[in-house]
Amino acid sequence: MFERKRDLTDAGLFIDGVTIALEGREIVSLTKRVAPGEVLTVMGPSGAGKSTLLAYVGGFLDPVFSARGRVFVAGTEVTALKPEDRHVGVLFQDPLLFPHMSVGGNLMFALPEAVRGRAARVERVAHALEGVGLAGLEARDPATLSGGQKSRVALARVLASTPRALLLDEPFSKLDAELRAQTRELVFSKARESGLPVLLVTHDAADAEAAGGDIVRIGE
Amino acid sequence: MLTRLGPMLAIGLLTAPVAFGLAGTVLPAFGYLPALGGMEFGLAPFATLFAEPAILMSALMSLVTGLVTAAISLTAVMLFTAAWGGTRLFARIQHLISPLLSLPHAASAFALAFLIAPSGMIARLISPELTGWERPPDLLIVHDPLGLSMMAGLIVKEIPFLLLVTLAALPQVKPARMRALIASMGYGRISGFVLGLWPSIYPQIRLPVFAVIAFATSVVDVAAILGPTTPAPLAVRLVNWMNDPDLSMRFLASAGAVLQLGVTAAAILIWIGFEKIGARLRDRVACAGRRLRRDSGLRWGALAAMLVSAGAIFAGLLALGLWSVAGLWQYPDLLPARFDLRNWMRVLPSLVEPLAITLFVAFISTLVAVVIAILCFVREDEMGYPPGRGALALLYMPLLVPQVAFLFGLQLLFILTGVQATMAALVFAHLVFVLPYAYLSLKDPWRAFDRRYDQIAAGLGKGPVERFFQIRLPMLARPLLAVAAIGFSVSVGLYLPTLLIGAGRLTTITTEAVALASGGNRRVIGIYAFMQMVLPAAGFAVATIVPALIFRRYRDMHV
Amino acid sequence: MRALLFSTALLAIGTAPAAADTTQPDPSNWDAVLEDARGETVYFNAWGGSQNINDYIGWAGDELKERFGVTLKHVKLEDTASAVATVVAEKAAGRDGNGTVDLIWINGENFAAMKEQGLILSPGWAEKLPNWTFVDVENKPTIRTDFTVPVEGLESPWGMAKLVFFYDTARIKVEDLPRDTDGLLKWAQENPGRFSYPQPPDFIGSSFLKQVLAEKIDDPSLLLDPVDEERFAEVTKPLFDFLDGLNPVMWRSGRAYPQNYPAMKQLLADSELDIIFAFNPAEASSAIANGELPDTVRSFTFPGGTLANTHFLTIPYNASAKAGALVAANFLMSPEAQARKQDPAIWGDPTVLALDKLNEEDRARFDAIDLGAATLRPDELGPALDEPHPSWMERIETEWKRRYGVGN
């Protein structure tokens, strides 16, 4: 289902000399490799600029920031590429399911074009929903789902698009404690399963601990 | 690349017609119009202008109308917001008044005329029981020499408009918290608002207020229906001169248009003077700490003003509706003696063509305006920053320069290039006025759109075009249709552009209706005014129903 | 409407004049005319202030299309002078063919102006139209002389007009009706605010001024000649003295005027005016049939006579659709069209035809018309006063504007 890079040194996410500054003041400066299945946690107080790194990797950094440095995803340099060409999936704090599509519609939207034929696509969507424990919910209106369900659909959606890296922008902070643990576990296990490098932005130490990877601190 | 077209087209559409139009008006005013043999500059047209009987009276009347209309409308809105803002009553009144925004000025003028005329609905209501009037009193109400009816006709339309822009500006000043703060200092509701909140609100609505002044000083359709006739306000006389087949009148008309520009400019300058005086006055009162708590009379007065202005139009529209199906209906009967649907049957054939043209022009001009507005906003997103205040003033250009002044020159341009009275020219002329409204009403919904949806979609591998059509457009469907409905109603209500550019070959419901005003045939006027009312309402109905229908399965897409 | 006429005038100047179409259709060869007319579009410039008349013209358009393949487009005017001015402008720009005006509803000073400036299709064509044989030239002298100006076949007659007054019997008794303009003034003084006239230069309003002048002038023969400027003030003194006396007791004290006849009609219905007037004797019946006036309205005239004239159709020299215009003019003069026009339920305008010249079937059409109780029979209309020379009208209008109104 997901391509695996044979050359391990090229696989994963490589952040090469990325420096982000605001009005001359440097916020982030980092060089780091994130192996497939591993999580790099970026931590720091609110407003410190943790999300800027994530935004730079994703390709949607606000122009008020000045940034330089290269980013490689699965061996390909994406620094100059448009966001839609980078194959980098993103999960935000809010599930942000498209309100004008059903659950199945959201997933169908995410499926790559390469999956051809209605039958095949429907099957993939069903499989993806099963994978997050929400089998059979294709026809539902996203507005009728619980918070936890929405997060899982959002996860299924981003995975369905076969990304080569995952960006998580405090995706668990709006969930209550129990749900948070569950969802966290689900996300990380899926990422490991798919061999995706993950960039996690959070201010919650428990998240960092569960991630189990390297931690970068910003603004402290 | 395509998106760069957006701002270019917008700026072009907003400035070029006004600039060319003004040139086409100002040059002949000084004698220069080669097509008619005017080769030299001179002041002869102005000499002819000032020799016209009572011309200064006309100009003065226009000036006063503009200032009084703006002053009364603004004061009413200010006091109402001050006294009742934040209450449930306020929300109810707001919903009552909002539909009036889409009503064309001409229709509301007709409605008022049918209400206040000596043989109108009010007189019929109270006669002969209360007044002993067996026949209508010989009072010059409609077309009164001071222009009071005309001002009333304008005020009832400008109050909803100013209320809307005030409400749009309100959230920025955090009204609930500020009110609580000011009240805790012991100020009455009205004085607290006027002294503490209004100064922050007013700068945001300044441009719309100027637009109201500009419109009121140069309005033609409301003046034709309600305004004085001996002499008529300046703009009305200008339009008559402009359309006189005697071509030498063209120079006179141009000189008059320059005078009109002067009148509008003077009105705005005087208003700015009032602003300064008002600010000084306010400072003195605020510094003196006068609490002015006993304001219940004023509060109820403000409410009454709102109710009366809205009620007057609704009552008048009802009267129009009754007249459209009336058989014989004599004074002082409150209802027609007989109802007659033949009126509609007889008028329908002559209604069809103007109706078709109205719909076509409104549809196309709105579509183009919305597309241009969208392109502008998409470009803004790309560039990453919103345009500055200068751009905002640019948007208001067609609304601040008196229509009569630049449309005149534009008409000349179209004639000389042979596109006069073509559909394309008419759509273009409407577009110039629809675009500002389209842009301004789309601004907030567009900027309120959560960018993260875009980012997610991009992360899913979707390019900009796909993101736009699959995510942004459907999610903005409701506000976009509302914007389209607004643009549509603006186009339906336009009078002067259609009159001058359509040149009688292309007529809309509004121009036909105003042309019928002098005939006093209330049945036919009732029918046309009814159509004027129905068309924008239909637009809003579509804008509400269509998204509800398309997205009925998705709860978050409902309002 | 003025907008259209003005801009086409300017367009005429802005563009090179097209090759002049100077082929004159010859009405004596009617078949050729019919053939030329097929497929043409005739722009008929006619006053558009009355819904009845507009509907009638619409009907005529439908018939012309169906029977002759001619498309009639009604260009609604507020004032016939606009159409005249357009042709003037086109001639000045050298546009001797492909004019924008094909047919004009006209009479009086407008006709005089066009004839004088050579703007009409010449030589005379009206008397060569097939339906001319039915026209009542013997009993209706105004058909050959329009406001003292000889017609010479340059315009075809369309309808008759006589100034007739209307009142509501529910409010005024027959005995109290004024019998001449002095009586009218006295009545107005006793009933202030109940009389008015449309603001000149409206045709009906100006005609009222002419009626007063015709009655009060010392030497009526002066009216048959062009205005003598030197003697104008002296000669029109009685008129303006009358108006000075009338003004304060008029509706709205003369500070506002109804703009045209339909507005006056509405004021009568609203009980704001008690006496109104029009040029169509069947106007009251027509209005009653349409539910615009109550059925208690009746007509009256002055025993001393009121103005009478004929109104016509003319074709500009540079019309684009000359053949079509001839066919239209002829059709509008036909017994069928004239009978329909005379029916108060449609319009009520009297015919220019002589009933005894018609065949059985056409006669029957006229006999079947119910003129309505509110219409005076032809023999009850009273004497006809001749219309003055057109120059009087313009001069009086100018003087009126100077004194009383600042209209445009």
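Residue numbering begins at 1 within each chain, and the chains themselves are lettered A, B and C in the order written.
Quick note on the criterion: a contact is a pair of C-beta atoms (placed from the backbone, for glycine too) under 8 Å apart; a residue touches a chain by one contact, two chains touch by 3 or more.
Here the structure is a predicted model, which means the values were calculated and not measured.
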* State the chain with the largest centre-to-centre distance from subunit C, centres being mean CA positions. => A
* So which chain ends up closest to the centre of the protein, judged by Cα positions averaged per chain? -> B
* Distance from the CA centroid of subunit A to that of subunit B, rounded to the nearest Å? -> 49
* Asked: Between subunit B and subunit C, what's the gap in Å when you average each chain's C-alpha atoms?
  -> 39
* Asked: Once you find the CA centre of subunit A and the CA centre of subunit C, what distance in Å lies between them?
  -> 84
* Asked: In their shared complex, at which residues does subunit B touch subunit C?
  -> 35-36, 53-54, 118-119, 134-136, 138, 140, 143, 145, 229-232, 237, 240-247, 250, 326-331, 338, 340, 346-347, 349-350, 411-412, 415-416, 418, 420-421, 499-500, 502-505, 515, 518-524
* Asked: For the complex, which residues does subunit A have touching subunit B?
  -> 58-60, 62-64, 82-90, 92, 94, 96, 98-102, 109-110, 112, 141-144, 157-158, 161, 163, 167
* **List of subunit B residues in touch with subunit A within their complex** => 384-385, 450-464, 467, 470-471, 474-475, 477, 551, 553-557
* Residues of subunit C touching subunit B in their complex? -> 1-11, 13-15, 49-51, 54-55, 58, 75-76, 78, 82, 85-86, 88-89, 192-193, 199, 251-253, 255-260, 262-267, 269-272, 291-294, 402, 405-408
